[in-house]
Amino acid sequence: MGLRVAVDQTGPIPLAAEFVCQPGELLALVGPSGSGKTTLLRTIAGLYRPQGGRVECAGEVWFDAERKHSLPPQRRQVGMVFQDYALFPHLTAAQNIQLPLRHLPQPQRSEQAEQWLAKVRLEGLGERYPNALSGGQRQRVALARALARDPKVLLLDEPFSAVDQVTRRRLQRELALLRQQIDIPIVLVTHDLEEAAALADQICVLHNGASLQQDAPESLFKRPASPLVARLLDRHNLFEGVVVDADGKRRLQWGEHYLEVADGLDNLPLGEKVTWYLPPSDIVLHRRGRPSHGERENPIVATVSELVVLGGITSVSLSVNHGDMLRFDIATHAARRNQLTSGAVVKVSLLAAGIYLLPGHRVRADAHDKRK
Amino acid sequence: MDWSALSVSLRLAGFTCLILIPLSLWLGRALAYARFRGKGLCEALVALPLVLPPTVLGFYLLMSFGRDAPVGSFWAELTGRGLNFTFTGILLASLIANLPFAIQPIQRAFEHVPHNLREAAWCSGLSPWQTLLRIELPLVWPGIMSAAALTFAHTLGEFGVILMVGGAIDGETRTLAIAIYDRVQAFDEQGAAQMSALLLLVSFITLGLVYGLAGRRRWVRG
Amino acid sequence: GAPIVAAASDLQFALPEAAERFEQETGHALRLNFGSSGNFRRQIAQGAPFELYLSADERYVQALYEQGYTKDKGVIYAIGRLVWLQRAGRDDLPGEDVPLAAVQSALEAHASGASERIALANPEHAPYGVAAQQVLEHAGLWEQTEPLRVFGENVSQAAQFALSDDARGGLVAYSLALAPALNARSEYVLIPEAWHSPLRQRMVLTNQAGEVASAFYQWLQEDERQAILRTYGFSVE
Amino acid sequence: MDWSALSVSLRLAGFTCLILIPLSLWLGRALAYARFRGKGLCEALVALPLVLPPTVLGFYLLMSFGRDAPVGSFWAELTGRGLNFTFTGILLASLIANLPFAIQPIQRAFEHVPHNLREAAWCSGLSPWQTLLRIELPLVWPGIMSAAALTFAHTLGEFGVILMVGGAIDGETRTLAIAIYDRVQAFDEQGAAQMSALLLLVSFITLGLVYGLAGRRRWVRG
Amino acid sequence: MGLRVAVDQTGPIPLAAEFVCQPGELLALVGPSGSGKTTLLRTIAGLYRPQGGRVECAGEVWFDAERKHSLPPQRRQVGMVFQDYALFPHLTAAQNIQLPLRHLPQPQRSEQAEQWLAKVRLEGLGERYPNALSGGQRQRVALARALARDPKVLLLDEPFSAVDQVTRRRLQRELALLRQQIDIPIVLVTHDLEEAAALADQICVLHNGASLQQDAPESLFKRPASPLVARLLDRHNLFEGVVVDADGKRRLQWGEHYLEVADGLDNLPLGEKVTWYLPPSDIVLHRRGRPSHGERENPIVATVSELVVLGGITSVSLSVNHGDMLRFDIATHAARRNQLTSGAVVKVSLLAAGIYLLPGHRVRADAHDKRK
């Protein structure tokens, strides 16, 4: 009964996307810049009509290319935050927010506008015209205007991109509260994968207008459907290996190592080259002089090639003998305690349960997106 | 001072604006948003009433407003009255003569309305009609004011077309412009100067008000 | 180049013929400008390059002379006549003896709701308009015709009005009624000369006049040339 | 066909555009960007030449262009020639009469140039002059075209002012509009119709070209 | 010799900021939305003239309110990325980039534009007009235009806000490369504190137009000058304590705990209430059943109140007995291994060296920014 979108066209903007968003669910659209996220939101809102496809919401067909049916934007009742805000320059912030509230009597309207202003933390700026607001303040007016609409579906095109981290956290909390109150599909376009992971029930990965994978954040980050998805999700630790037999057991040969794999190896023929992925959370550093849990699983010796301290977290890159690079994060104090420094030789274990064999894919050095 | 001529002039200018501005909103908006091959020619067509000398335009209008001509006979059948030598006739003539002044500024103004604002209005649930009223009109307001001012001023000064179609009938088709012209022709330069001063004053005040009001847009620039 | 002659609009048809004959006889070309006599007076006072001025209103010549823009007082070259002009084919042209019968019938029609206009030049400044007013006053119709009158800026425009669908007709210059261009479309009756003061038209050489213009000025005054004017409906003193 | 009158008309319209458009760019831009109290009045002032009947405006110009009047005597001293009854004179008159048509569309167009684009141009190292040429002019282009088209068309049709100031001297100040007027006055309707058709055709082609070219902006809207 | 900015005005936009940026240095301006970051950049570029202040760059005075001196923007030679891009709509992407290159001959100009397009990963889109580009593509054109200018100072107003994480990483790398090549001050406005930490040599924290603190990222995150700065930097773990004497040693009393502090406690009078801050990296979780390093320092028993898994990292909130909340991040596998679940009781150590006593500040519950 939620939102079902299927779009298909060859040009001028190539699209081949399909996704679903249940009522009360938040779907994050992620993908590189120019991959068609805004175009898809515009399609849902009725502002763009692709050559082929279908949009359904709450059991109603909003768009059907075959039947040449398309509901006008007014009748779709979407709340939309435009990427460039699209505030009405001749209306004050409060008036901008009141515009979708015209069904209410005036006093109630201004009261609601005030409440929305407060929710996006713009108390007292209601009388300002957009040209006297900062970038982030404008974006928040746009957000309030979209939320005020009492929409059937909420379309948010990078709604927090121009606000600082603290305010963003607060707005995300408001959004989460709102989700508990209203039972509508919410589609969020974002570049911030952490935001997507934290807020979304489902993530849909787009590339060149095509939807590559839709899944819950955890499974998506753990089990990307293809190397491309992994790369688009900014995942590293994507390697190639060969299925071999070692001492009567199936193993994954990776350089000079024979890796134990918990799942999926048995179905593969010997000699098959496979692409595998390891989430950074499944790389365990052996502590100096002390045994640590899981140490016997796939122990690997590697050299620290880079350390990037980001506050409490340190991001570590290890180079293994045959040239591949392992990356993972540890707490900064743990890094310090283990005396990790560039060039140090360390031991890590690759947890067998974390190793994920990508279905029928191999990493190609040239697999490089041509369109940006 | 010829007060009845002033009154005819103001009525004529007022009605011309009142009718022409909505019409031009419609036409100018259509021209601004439409994309078709012959658009340049359409726009050129709109400017053509300007090209003929007013008296000549007036002459052709006089001919086509006649009772035996298509336009005139149609009108006569509809209302029982002719168009030539009536206020309705000069109003119609004035509408035609002023079309270019009204349409062009409005068309340009609509061309400058950002498309995404219209989309945002639709997404806020505003019907196309409400979008026009609450979003587009405020944004094209300076263009409308330009159109209204040019039309108003030009109608006050228009003389050739009005005289030809109207025949300078006192209290009905004799405008202040005609009266001033007559004064000049009669070598009553003082009379002409007085009336001119009055005309200029009235126009100056009207236009000053129009522009003053139009200029009070707090939201323009930071 | 050729000297410019500024002439009243009622000479539009007569003067070109005269100028053509003059050119045939003397080999000198002339440039003719027709327009409102009043405008010409103003332009001459501002130094317009007109060498000969044929006015429809002799007072303008007088004024220019007094201000010193002309060589002399000039001479009367023609006297205009007035006609009742209406569209051809109406079958209700008034008789010669009752030239204003059409005005009467228009008034009667007006009383019963129809409105057919009566055209004349603006009496405020056009000489033929003044004469037309005098004619109507003479017939005692001036007041009554008030709602029916339409005023042309000059007598040509009055003729255009007179021939339009919405007019009964009008009082215009005889010289126009005789013009070939109007012949087919209109019919007319003459108005007795006595009903208005004479429309004396005076011409004068301006200070800028050269030999050719002076020659033409003289040429026009010769008796046989006056015949041309006569065929175009002017009487000559 | 009166070819010399056509040539005078085209020259007059051409020169009027050529002089008036740069002037209006300067004035219109100044009015668009300036913020001062009396701006509405200034704008009203610009529209005033429209309000007087052309012949009356022409009459006043004739008077002030005379050798005894300040403007005329100044010019005579400068050039040795008078203004009345010369091409220069009607050109000057035409400039004055067309001022409102040229300034208003251009002013409105400049008002629509986003301020931040000018800032971005400055930050890209463009001098104010280069900013005008490379950023502002392309953006106000439709407004300029409107102004040019209105001015061009109106100059072709202008009659009262030109006749009064110019005196209809063949080959110098007798425009096609005057020639057509003369034909109408002489009841030569066929001649008038022919010339009108020619005038309309020339204008239509010119304006069609102008608008066609102006309309070819690929960058307008997505 | 670098960039020195001091601005001071009371209205309409209140400003009281001062900062310095050396040549070759990257200064990040951070602060809540509406705190005046854009206005400060505009001041440097010469697009805004505050009532008071002074801007100096490369030994030249660009602006001096007292002497009523202000160099026009053209002569300041800044490269600026505008927050709303400010692309010229009538020029293609390539032409936009070529505009600041007018001093070069045409062939060289287009060649350079091509190179810049490639650097911002927009190969092949040079002929597009801005209206046919996506939001992020537009932003990258704006970035390329600013960089192409060969500027004396680079002003970047959230230059990566509209691009995805992967592209952002690449652009950040380009910026880093550029910094090695040209020796100019770079001022970067960003909301992304990680980005600021990773890229900037110096961070300046703004609030309501006032600069609160300028410092290197590490010191700033470790030693915020005030609770407000800590809050603006999205730091938690800001508490109040009292200086006491316990067993003859100076201790910091925090609820029922008497905390050992490495630095700064000795100078404070007994009984003084102080605000203290602990970076999350200095909170060490005691492992189940095994001793761990630093365990003896300030051991605290607390209850897990929230666990947020963000990929390889889990963010943990602990509530201690007297109600305060401790937050820190650990590797997700470590959280799993130690069986952290909501409601579990755990032991942590607060490392004495990490505890930072804020100079002369106390946390006020009402210390709340009124302007946004």
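Lettered A, B, C, D and E in written order, each chain numbered from 1.
Assume a residue touches a chain if its C-beta (ideal position, glycine included) is under 8 Å from a C-beta of that chain, and two chains touch if they have at least 3 such contacts.
Model, not experiment: these values are computed from the prediction.
Asks: In terms of touching chains, how many steps apart are chain C and chain E, taking the shortest path?
Replies: Shortest path length, in steps: 2.
Asks: Let me check something: if the centre of a chain is the mean of its CA atoms, which chain is farthest from chain A?
Replies: Most distant chain from chain A: C.
Asks: How many angstrom lie between the CA centroids of chain A and chain D, rounded to a whole number?
Replies: Each chain's C-alpha centroid was found; their separation is 59 Å.
Asks: Quick one: chain B and chain C, Cα centre-to-centre, how many Å?
Replies: Chain B and chain C have C-alpha centres separated by 35 Å.
Asks: Using mean CA coordinates as chain centres, what's the chain A-chain C distance in Å?
Replies: 91
Asks: Distance from the CA centroid of chain B to that of chain D, rounded to the nearest Å?
Replies: 19
Asks: Where does chain A touch two or more other chains at once, residue-wise?
Replies: Correct list: 84.
Asks: Could you tell me which residues belong to chain B and also touch two or more other chains?
Replies: 55, 59, 181, 220-222
Asks: Would you pick out the residues of chain C that each touch at least 2 other chains?
Replies: Within chain C, the residues that touch at least two other chains are 39, 157, 160.
Asks: Any two chains that touch count here, so list every such pair.
Replies: So, checking each combination of chains, I get A-B, A-E, B-C, B-D, C-D, D-E as the touching pairs.
Asks: Chain D touches which residues of chain B in the complex?
Replies: Going through chain B, the ones touching chain D are 39-41, 43-45, 47-48, 50-57, 59-60, 100-101, 104-105, 108-109, 111-112, 115, 142-143, 146, 149-150, 153-154, 156-160, 177-178, 180-181, 184, 192, 196, 199-200, 203-204, 206-215, 220-222.
Asks: If we count contacts the way the header does, which residues on chain E are in touch with chain A in the complex?
Replies: It is residues 30-34, 38, 83-84, 121-125, 133-137, 139-140, 157-158, 161-169, 191-194, 197-198, 218, 221, 231-232, 234, 279-282, 284, 293-294, 308-313, 328-334, 337, 351, 370-372 of chain E that touch chain A.
Asks: Which positions of chain B touch chain C when the two form their complex?
Replies: Chain B residues touching chain C: 55, 59, 62-63, 65-69, 72, 81-82, 84-85, 163-164, 166-170, 181-183, 185-187.
Asks: Per the contact definition, I'd like the list of chain B residues that touch chain A in the complex.
Replies: These residues of chain B touch chain A: 114, 116-117, 119-128, 130, 134-135, 138-139, 217-222.
Asks: Which positions of chain A touch chain B when the two form their complex?
Replies: Going by the criterion above, the answer is residues 45-47, 72-74, 77-80, 82, 84, 86-91, 99-100, 102, 129-132, 145-146, 149.
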